[in-house]
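Which chain is which? They are A, B, C and D, in the order written, and residues in each are numbered from 1.
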Amino acid sequence: MAKLRTWLPWLLLVAAALILPAILPPFRLNLLGRFLSLGIVALGIDLIWGFTGMLSLGQGIFFALGGYAIGMHLQLLSLAPGELPEFFGLYGVKQLPVFWQPFQSFVFTGLCVWVLPALVAGVLGYLVFRNRIKGVYFSILTQAALLVFFNFFNGQQKLINGTNGLKTDTARIFGELVGSDAMQRNLFWLTVVFVMAAWLLCRWLTRGRFGDALIAIRDDEPRLRFTGYNPTAYKTLVFAIAGAMAGVSGALYTVQSGIVSPQYMAVPFSIEMVIWVAVGGRGTLIGAVLGAVLINYAKSLVSEQLPETWLFIQGGLFLLVVTALPDGLVGWWRQGGPRHIKAMVGWPALAPTYPGLDLDPAAQAERQAFRSDLPPGGAP
Amino acid sequence: MKSFLMRKTTMRYVAGATAMAASLSLVACGGGGEKASGDFDGEVKVGILHSRSGTMAISENTVAEAELMAIEEINAKGGITIDGKKLKIVPVEEDGASDWPTFAEKAKKLIDQDQVAVVFGGWTSASRKAMLPVFEAKDHFLFYPIQYEGQECSKNIFYSGATPNQQAEPAVSWLLKNKGKDFFLVGSDYVYPRTANTIMKEQLKVEGGNLVGEDYLPLGNTEVAPIIAKIKQALPKGGVIVNTLNGDSNVAFFKQMKAAGITPANGYSIMSFSIAEEEVAAIGPEYLEGTYAAWNFFQSLDTPASKKFTTDFKAKYGENRVTNDPAESAYNMVYLWAAGAEKANSVDDNAVRKALIGVTFDAPQGKIEVQPNHHTTELVMIGEVQKDGMFKIIENKGVLKPIAWNQFVPETKGYTCDWTQDRPDAGKFKM
Amino acid sequence: MDLLYDTLFNGLAIGSVLVLAALGLAVVFGLMGVINMAHGELMMLGAYTTFVVQNLFKNGPLAGLFPIYILVAIPLAFLVSGLAGLLLEKTVIRRLYGRPLETLLATWGVSLILQQFVRSVSSAFVVGLVVAVALGLLAPRLWPSSWAQRRWTPLLAVASWVISGLIGIILANGLGGVRVLDQPWFSARNLDVTAPLWLRGSVELGGVNMPTARLFIVALTAIALVAVHWFLQKSVWGIRIRAVTQNRSMSDCLGIPTETVDALTFLVGSGLAGVAGVAVTLLGSVGPNLGGNYIVDCFMVVVLGGVGKLLGTVVAALGIGVLSYVIGSGSLLLLWPAMPAGLNELITFFATTSMAKVLVFALIVVFLQFRPAGLFPQKGRLVEA
Amino acid sequence: MTASIAVPLVAPLLELRGVSVSFDGFWALNDLNLSLAPGELRAVIGPNGAGKTTFLDVITGKVRPTKGDVVFRGRSLLGIAEHRIARLGIGRKFQTPRVYQNLSPRRNLELAVKGSHSPFNLLLGSLDSRQRQRVQELLAVVGLEAHASRRAGSLSHGQKQWLEIAMLLAQDPYVLLVDEPVAGLSEEETERTGALLRSLAGDHTVLVIEHDMDFIRELDCPVTVLHEGHVLCEGTMETVQSDPRVIEVYLGVEDDV
């Protein structure tokens, strides 16, 4: 029985991955694939925020870096030798900038998608953690770093095509158009595989003593330090891992969206990522993926019907989750949330604590009298 | 007991918050649907894709409204006639949310899910560049209404706004001839200003102007003191300032310029390419009076067609509203598409795209014609902002043909675009 | 010399806006440890108040007083933003004390709601909202008292809120049919706030041309600083606020109403945001995005200045002001024309406002490597390692 | 009239030499000299604000002394990061019990148990049987076997105090710095804690900071009295208690005396 419970979600997931492409129209499937890929960056945030207690508002940096790496590779891939991506020509760039050269190689790009964001995250993290900057200071600093990257990428037409970003839909892999339905279906499956892999990685990281150390950092970092641990190393490592996951997520998102642009580093987007995790349930891993998919699907649907209302709903969600559901949907579920609701409507019936006393008619009458004594309006 | 009470207050709070969020959202939507009228033999869906939320909603709402007005007008006259059948145009609206990747997502949705015949949409160049690969990959059809930086000629896009040679270049020539040789270029830090300024710099070289400085503000930035200092340094005694700022920065720019005494009265000629009647009203005419703008349509254009357009727009959306170039261009493109479809006798996007070349329309600005490079001819005018927020037309350059690949920029000089030619590189080839 | 003068004035001009904008944030963050991401939106409310006041003075009996409308707008904006802040404290932030990261997220949610609120608000909207809230609050009083402590009471509360919400929505939609009521008050557009004539010009001071609007803001900032300093150091409530900051439980024991103190602190911080909102109408646009344009800058000032000291905020803001001016305007090139070519290129590369911002932020991040607690850190054992 | 303590013949394990710490001009420690011999049990007392916690902060590397030196096993600890000092063999228990609330006591101990603490080791390696056994032993020592899998946050105050002591032992340090180990404990628990600490001395050097004089008397060990950041006197509990200076700082003395 317990076996089945462990495996059931996986079976369902695999079944869904096999069935959905057959029944969903290409557009909806593509949406699902994109939102699933966002689940990977959310998993990374769960790792650093849910487990380690560091709220990064700058995951967009690493997300976009992964996207840019794959974006440039696809641009270069579909060119004849000697040709340059179109935008370079418009800004008078005659030769491929040196730092883009290696992106002609698939292997290099494949590495870069996660190694580059991990390195940037590692360096940034090391500098910040070394100085014991944490809490809201860390959040604000990551946001500032995000803004630095955003402004820089927006302003650099000659190197990275500025605001316009890089397009991928019209590139070809193995002669197949990236934007085509068949290729998008393959990318969906690829995404499912990566989400599972990311989930397994996070689970491995968080289950053992390493995970305990992360939780210890979150709950009492100085204590851990006096036990002989160097939290800086842990935090840097885990921040780099989250950065790598963001990079992979960004790359998958980019090929399924058809474009990577500095907009991926916009301030609100990175904050939204955090809220996916909060809604799903931080510290639960699966909640992060769930939150990313649910909220983005909701956003997509709402914006089709009532675009003006999305900000109200999103703002309301922030408030609701933070104040009333601090453990998110998954946390609520695991703590028996549905049972509470059921109990409220009297099912199952309240069991008497002291049957002899509670069921005594005299005691009940007294309780009734006490109730009617209450002032109107009830609860104090 | 205690925990029960606490839970209850929490629950109340939850309930309250949920209800508030829900009510706020639903209240916000208000409004109702339109009623179908007349008898049609069928329908044809078209997509309308603009930012209805976020920072760009300010500008794009007007454009979407102009498109809806054109659709309503066409439907009122019996829709479009294909094969003798009257088809009603049904708009499917989507929100780009001022977020360029969202434009790509929604474009995909309109094409795949709603199967629209054409998409009217976009404002910023970045949103167009985001949608472009979608339309190219799916070989579908976008109509784009805004003046832009050129250097693009897609088989899948029709452009009803001005190319630089229909707005910026004539304006620069006019400034050189009438206002002075020393130019300072100010723009927002994104594609249109950067590219437009590149073009103008080349033009200044060719036509004997003198670039004394340029600067870029991050989008949404409102601190312009460093720019003003630079302008004062570079142009102490007056000169020409060309402004391609976008959105909020414009307000800050003009307010602080005025305060610093960089005004037309002190010998500064300021030409803007992103400020139309609507923006004048939002910034305040008192800050803009005496500055110039170059457009293909002004509300003050004194022709019957122009007057009718403005009257109809005000009747539909309110007396306090104004018309402007982007709205007119958006309005035109719906009519152009309808004419193209009737000419092709089909709403199939490939057929319409072929048929559109050569189609003409009696627009509010006058007669316009779709050229083989998928752009339209435009009337080019220069206006000066008046006290009442309207433009006085001070120069009329006549109707000019669009040039997609810029002829001042060395990289594209000598290239052209002609989709009537049967060649693989019809989008960009050497003349 | 002229150049130095110029740089100082412009740095002061840019910096004073930052001081004013960040002051309220610094007060709230420094004294309560609360990160208020909706600070920018409270500024926006101040700016919208200015717009309303301006319209009152534009025509009608008050038209003669138009030149001083801004002086009326300042206290009003303080009040409007302050009350909005108070409401925020009472409903949301109160529940989140001691959880700064959650506060950050919740206030970000509030900022989104406020942004959309000014875009969507119309008479019908307000009527619906007020009715829904009133019904929701009144509902428990209409129940029989025996319902108050049942197991299902929480569900009843949820249901009553949902129903009142729905009534509000239906009402608003019904009223929305009337054009006058449906007209948005502000809409998503930028609003035209015209400064009085005397704030649109400039004066010559020592050979340098100084816009009066800038001088006004510098003066306003100075007054606000003095007022805040006086309030915190000399007034009874200021002393109570500081007492609570230093030792909450002890203050509680001594009979200081800590809840009132929290509310008051937040009200003052929010009110200051409102005043900053008035000031920025002189310089830039008034629209729903106003807050977002300032918020990150404000946080940079607070973090750089160090928490809990007004002096830090002032020095940090002025430093950022001077630095962004010097880098953005390329004055270094003028100061030192014979600079080596490499350096010259580097400086030119950053000499646009856009790249200057990148560089200034990067420099702040680097600076915090050396002084992680900012320019004026709190010292002593109280600071957690 | 300095109380005389038998000066051990062996070299001191931990020595503070003329340590002073200034916070913004306030001298929390002022020329503090103190040395601990291997295997010694020492109690440190002092009125509030005497610098007791700062004194621990200096040893564990949290606060860097303004002047002076801290020498442990012949090497200076100045400028060494906290976690390295901990690895050298100095363990610290905090004033209020600080355990990882969201982990079980067993996991708390598994984190603390002696061994490599590098992230890669935690990820790729696992506890060996000796370490596992040690954790089990310690759970037994502090009587938490039955609660080994509960959330540590749900333990009672006394259980948390002991869990933290167990964590300290798991580190197997040379020196245990124990800050107020019996605050908030019942009489019986206090007694057991005292016995535990006494049993540790000999194998470990134990330094106890405590306010509870009865407890210190029970420990039956040399006592150091801190006052205004320096050592007021040292000696057995009896000598210290009869020292007029100690009485003065604890009870206060009227100005005119």
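What we mean here is this: a contact is a pair of C-beta atoms (placed from the backbone, for glycine too) under 8 Å apart; a residue touches a chain by one contact, two chains touch by 3 or more.
By chain, UniProt protein names: A = Urea ABC transporter permease subunit UrtC; C = Urea ABC transporter permease subunit UrtB.
Keep in mind it's a predicted model, so treat the numbers as computed, not measured.
A.B. asks: Show which chains lie in contact with subunit A and also with subunit B.
C.D. replies: C
A.B. asks: Does A-D or A-C have the larger number of C-beta pairs in contact?
C.D. replies: The greater number of contacts lies at A-C.
A.B. asks: Mind checking the centre-to-centre distance between subunit C and subunit D? Centres are C-alpha means, answer in whole Å.
C.D. replies: 47
A.B. asks: Using CA atom averages as chain centres, what separation in Å is found between subunit A and subunit D?
C.D. replies: Their C-alpha centroids are separated by 43 Å.
A.B. asks: Take the average of all CA coordinates in subunit A, do the same for subunit C, and state the distance between these two points in whole angstrom.
C.D. replies: Distance between chain centres: 30 Å.
A.B. asks: Rounded to the nearest whole Å, what is the centre-to-centre distance of subunit B and subunit C, using the mean of the C-alpha atoms as each centre?
C.D. replies: 33
A.B. asks: Which residues does subunit A have that touch at least 2 chains other than itself?
C.D. replies: Residue numbers touching two or more other chains: 151, 154-155, 222, 308-309, 311-312, 315-317, 319, 323, 379.
A.B. asks: Considering subunit D alone, which of its residues make contact with at least two other chains?
C.D. replies: Residues 62, 82 of subunit D each touch two or more of the other chains.
A.B. asks: Which positions in subunit B touch two or more other chains at once?
C.D. replies: Residues 7-8, 11, 13-14, 18, 20-22, 24, 26, 28, 53, 189, 216, 218 of subunit B each touch two or more of the other chains.
A.B. asks: Give every residue of subunit B touching subunit C within the complex, in rising order.
C.D. replies: 7-8, 11-16, 18-24, 26-28, 30-32, 53, 55, 57-58, 61, 189, 214-218, 220-227, 229-230, 232-233, 247-252, 255-256, 258-261, 278, 281-284, 286-287
A.B. asks: Where on subunit C does subunit A make contact in their complex?
C.D. replies: Interface residues on subunit C, with respect to subunit A: 35, 92, 95-96, 100-102, 104-106, 108-113, 115-116, 119-120, 140-141, 143, 145-149, 151-155, 292, 296, 299-300, 303, 352, 354-355, 357-358, 361-362, 364-365, 368-369, 372, 384-385.
A.B. asks: Taking the touch rule as given, give the residues of subunit C at its contact with subunit B in the complex, in rising order.
C.D. replies: My answer: residues 6, 10, 13-14, 17, 95, 113, 116-117, 119-120, 122, 124-125, 128-129, 132-133, 136, 153-155, 157-162, 164-166, 168-169, 172-173, 176-177, 182, 188-195, 199-202, 209, 211-214, 280, 282-287, 289-290, 292-294, 324-325, 328-331, 334, 352-354, 356-357.
A.B. asks: Give the list of subunit A residues in touch with subunit B in this complex.
C.D. replies: 25-28, 30-31, 34, 89-92, 151, 154-155, 157, 162-165, 167-170, 177-180, 257-259, 261, 263-264, 266, 300, 303-304, 306-313, 315-317, 319-320, 323-325, 340, 379-380
A.B. asks: Using the touch rule from the top, collect the residues of subunit A that touch subunit D in their complex.
C.D. replies: Contact set of subunit A toward subunit D: 205, 208-210, 212-213, 215-216, 219-220, 222-231, 233-234, 237.
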